[in-house]
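As structure tokens, here come the structures.
In the two complexes that follow, subunit A is the common piece, with subunit B as its partner first and subunit C second.
Take a look at the complex of A and B:
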């Protein structure tokens, strides 16, 4: 000890350094997470708190008044006659989107998981809509889906009179779902493709030796082994489906009637068009609760469904 | 030791750089105290409109060298939403155009700076020559909160080339013969539609903004609510008859493009369009077609006219509200109102004569000015508006979707609409 102190004095150091290796490591760690932490605090936690605060107030933007109303907006939520229809439209949209998106993504991933010449071109082709601007994509589809638009023009060449896609309740909902699926199916497809390529080939070989047909191989080997990815993509897709806005705003504006007025669009109307910012905030708390409950439920289900999940 | 010295010199350098930047900033702040930047939101991005506005801003700068006015064009369809979002975000413009439909919301909320005193004090402004009818919805308790700088009549633009090609009588001929009625107008539109082109387009309606159908249903004496705005009148006979007529025109006669169909008159693809004369700027400069402008046809309730208004108001929350009010006074003084009249007709009596309007509207003939512009402004009703208009508009729109299909129960739908908007109107 005395020798060490002597050495330290000889080197000109009279005390132990503040920046020990452990401290340096923790500082580096904190600096690495700092940008993300600042981002989460500034753009997630503070707005979340503010939205809850706003939901307890009546905020008239034009008159610049901000009055505490307690639970009045929450009572309005229960009494809102349109809300049930809006939640119904949201459920149909989400269910349709998740089922179509996931099954199509899985089908494409299986088809594109082949070692064929030029397969990369097809993979790029199906992934490319993901990188296209959402609004540009939707506007183009808006033109195609007009009554006298491109899709009906093509149908007419085949002798079929197409429906008025965006102006009839059923076809309007189908249209917004399909436009959204085509936009984002590539992302899930790539995730599934990566998962499929991680399945050990020996398992298929063993199954073939045992005489298992292709469908059984898919059900017994492929599906269980990619189930963690299925869980991940289903959470991302469901949360994404509940946040859809641009497609509705550009294609249908919530119509015909309220048939495509999903929760986020309804929230936008209340807050930004009707200037009921307090009630709009209450609706976003409802949306947050729905997303949180669904995500929690899916996470719980992983124990029963997901294979190899620790 | 060396390290410590380095730190010291770095600190000194930083301090001196800071001092230099600080002195610049101080000087800049002192300069900025006198400079005033005013921002005005508008819903037109039309080159000709912007050129004129910029000329007016340049004129104001000559008198007030420290004031710079810039214009921010927001999309027409979402204009009011974008404007209120700016206000909610604490980024309100200094001045804003305001739609006639949302005038009540803005005027009654207290969001606008009172203009009466500034306008009355402005030299040569002469507010008294603006009719009481024009300022009615922009006033509250005798004070003017926004100046109605545009009082633009709705009229029918006609593509005579298409009408003649279809072998139909031109609207001008029908006007001259005194037989310019809705039935005759639709017969012409229908004849053109049969040739594969569009018939009649009610511009901006798009089966969403139903308020633009006022240009049709006023011919039946219909209105969505009573004069005092408290009672729904949509279920009454005039409205039911007018909407039944429009339904027949769309789905049986196919003289109007149906829901989900887009046809642009100004691209030469439709026989007629109803819109405000400010849209004359959209007429093609290259390869123009033979166009005409006629008044709205006579309906079962007789002759009528409709005017759309636009107000310009000063935001109460702006830092330079007083200077902004002075700019509004300059922008809408008689001299500039005359210039603006080529797109946005003024409600000033001194400017409502063919001689003045002919100078500023070289595109229009004297007859068009007389019959459409002057008569329209003199006799026209203003587009309907109401407090909380956006919510009422949305409620009516979502219900009217049931009318825009071939098999529709028009009276039943109108009853339902009144049941829903009734409580909102009474608020």
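Take a look at the complex of A and C:
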């Protein structure tokens, strides 16, 4: 019964002059993407417009005033001396994170690509911090990095007196970078490993017959062939590094001084701790501009640096 | 590079990997073992790699000081909803972008991809104001709706699209000849083939929701509404200093279940994430 009805409907549709296959497909396409498109409009595009609108206003939450001030927040941006320090900290954090993350990920991927018994166990263990809750991971490291914590305890057994890691400017920055690298390097490691396994083995054999040493093989064969993966992971890692918030909030609260106050943390403080929503919005625009420029620059570099087979 | 390794090289490689493993594995070990040490032992010198005595009362304090069961449930149900919701939204959108011809498809795809460029931190101020006006601050709605429909799901849509593009066209043509409509082709033919891509979408969506920190502390203000990451930081003494043993116990309870699931299903995790269409 139901089948017969269904067939009748299907036939009816295919003979209907208006509902051609192309029209039906268009309708289906729009319905399929509707939830995502509406979501992007409501939760990305409209907020992006609003954040720009807010950035042109002075917004006093306590007095409940919202006054148009034109470019005043942007002038404040330029004159804000703390912001220079914040941008410096953000640059050091992101650069340190990306360099350390990418090189460690590549090293681990090369190691895991060797033919060794039990290599899968190593792969699992190196990857495991990725699935450990971020704040749990950060809390343990905060505990380890205390003045009298586990790391200094072990250093003391070797006769070294360790610093108060999270309370001194240089070591605080190193600490937040390192904690983040060990947390997430497993992701890039896995992506690199998949890329390494995609390099045709014949290439290495040919190179060996020609007598090319291992290092040269790596530079001339491996690196060019996995360069698309390197590019993509570096974009993701840089954008990700600009979003780091929880680690800073838990480990250092941006301190000592402003030494680990990265842009997102500063934005959070201005908007949600001091209730400067107008200036916070201006900082959001700045963050957006930085992400957009970096992504665009890396995408342009692709043409020059990345090797494509075709 | 693929030649048989000499025994000496092999030993050196194992040695190197074991040393490199320390910062990856030791923190988890230290978290679990320190959480069961008596408070007097957690900063003991020399450090006790293996606890010498046990104090389980720390774990009962985790539940006494905060509504931890409730907070656990909050995190779990939000992550589950977000994961399932993202799988539905992104597989449908990804399928349409990959396989259906409709007007402005490319333009719309570019607009959607903008979500990748705009980290949620950029829009947190207006999102907060929008949800404030809607009366949804200190509810879980922002943590559910924004990830499923907003920027975080765009990456999932991209992954699904990259997968559906690779499906052979003949499969769908055969189904069309049989009179199947678009939705049935999607649900009965394309989706079952997309299990690996869906699995990786599920894994990274779950982890993303489970780790969310900025959004909960912006949107939530009462302890019963908190999610786990936020709750972990709330075990502090009268001076605002962390109660380390209790924080570590709560952290252990948060981290261990996911770790155990990972160890059981690690092949799917690792291989799923390796095949997210990120290979360029």
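FYI, the second predicted complex is superposed on the first by the 288 of 310 C-alpha atoms of A that agree within 3 Å, B and C clash if a C-alpha of one lies under 4 Å from a C-alpha of the other, contacts with A are read in each partner's own complex, and residues count from 1 in each chain.
By definition in this document, a residue touches a chain if its C-beta (ideal position, glycine included) is under 8 Å from a C-beta of that chain, and two chains touch if they have at least 3 such contacts.
Predicted model only: the values in this text are computed from it and were never measured.
Chemist: Quick check for you: in the superposed arrangement, does A:166 touch first (subunit B), second (subunit C), both or neither?
Modeler: first
Chemist: Does subunit B (first) or subunit C (second) touch A:255, or do both, or does neither?
Modeler: first
Chemist: State whether A:303 touches subunit B only (first), subunit C only (second), both chains, or neither.
Modeler: In the superposed model, A:303 contacts neither subunit B nor subunit C.
Chemist: In this superposition, which partner touches a larger number of subunit A residues, subunit B or subunit C?
Modeler: Of subunit B and subunit C, more residues of subunit A lie in contact with C.
Chemist: Pick one for A:153: touches subunit B only (first), subunit C only (second), both, or neither.
Modeler: second
Chemist: Per the contact definition in the header, classify A:139: touching subunit B only (first), subunit C only (second), both, or neither.
Modeler: Only subunit C is touched by A:139; subunit B is not.
Chemist: Contacts for A:272 in the overlay, against subunit B (first) and subunit C (second): which applies, first, second, both or neither?
Modeler: The answer is both, since A:272 touches subunit B and subunit C.
Chemist: Scan A:122 for contacts with subunit B and subunit C and give back first, second, both or neither.
Modeler: second
Chemist: Should A:280 be classified as contacting the first partner (subunit B), the second (subunit C), both, or neither?
Modeler: second
Chemist: Which subunit A residues lie in the overlap of the subunit B contact set and the subunit C contact set?
Modeler: Overlap of subunit B and subunit C footprints on subunit A: residues 146, 148-149, 272, 277.
Chemist: Which residues of subunit A touch subunit C in their complex?
Modeler: For subunit A paired with subunit C, touching residues are 7, 10, 22, 24-30, 32-33, 35-40, 42-48, 50-51, 54, 108, 111, 114-116, 122-137, 139-144, 146, 148-150, 153-154, 156-157, 178, 182, 186-187, 190-191, 193-195, 198, 201, 204-205, 208, 214, 217-218, 222, 228-229, 231-233, 236, 239, 242-243, 245-246, 249-250, 264, 267-268, 271-272, 277, 280-281, 284-285, 287-288, 291-292, 295, 306.
Chemist: State the interface residues of subunit C toward subunit A in the complex, per the touch definition above.
Modeler: Its residues touching subunit A are 1-5, 10, 13-14, 16-17, 20-21, 23-25, 27-28, 30-31, 34, 42-43, 45-47, 88-90, 92-93, 95-97, 100-103, 105, 108, 111-112, 114-115, 117-130, 145-146, 148-151, 153-154, 157, 179, 181-183, 186, 207, 210-211, 213-214, 217-218, 228-230, 232-233, 242, 244, 247-248, 251-252, 254-255, 258-259, 261-263, 266, 269-270, 273-275, 278-280.
Chemist: Within their complex, state which residues of subunit A touch subunit B.
Modeler: Per the stated touch rule, the residues are 60-64, 145-149, 164-168, 253-258, 261, 269, 272-275, 277.
Chemist: Hey, which residues of subunit B end up touching subunit A in the complex?
Modeler: 80-81, 84-85, 87-88, 105-106, 109-111, 207-208, 258-262, 316-317, 388, 390-391, 394, 397-399, 401-402, 404-405
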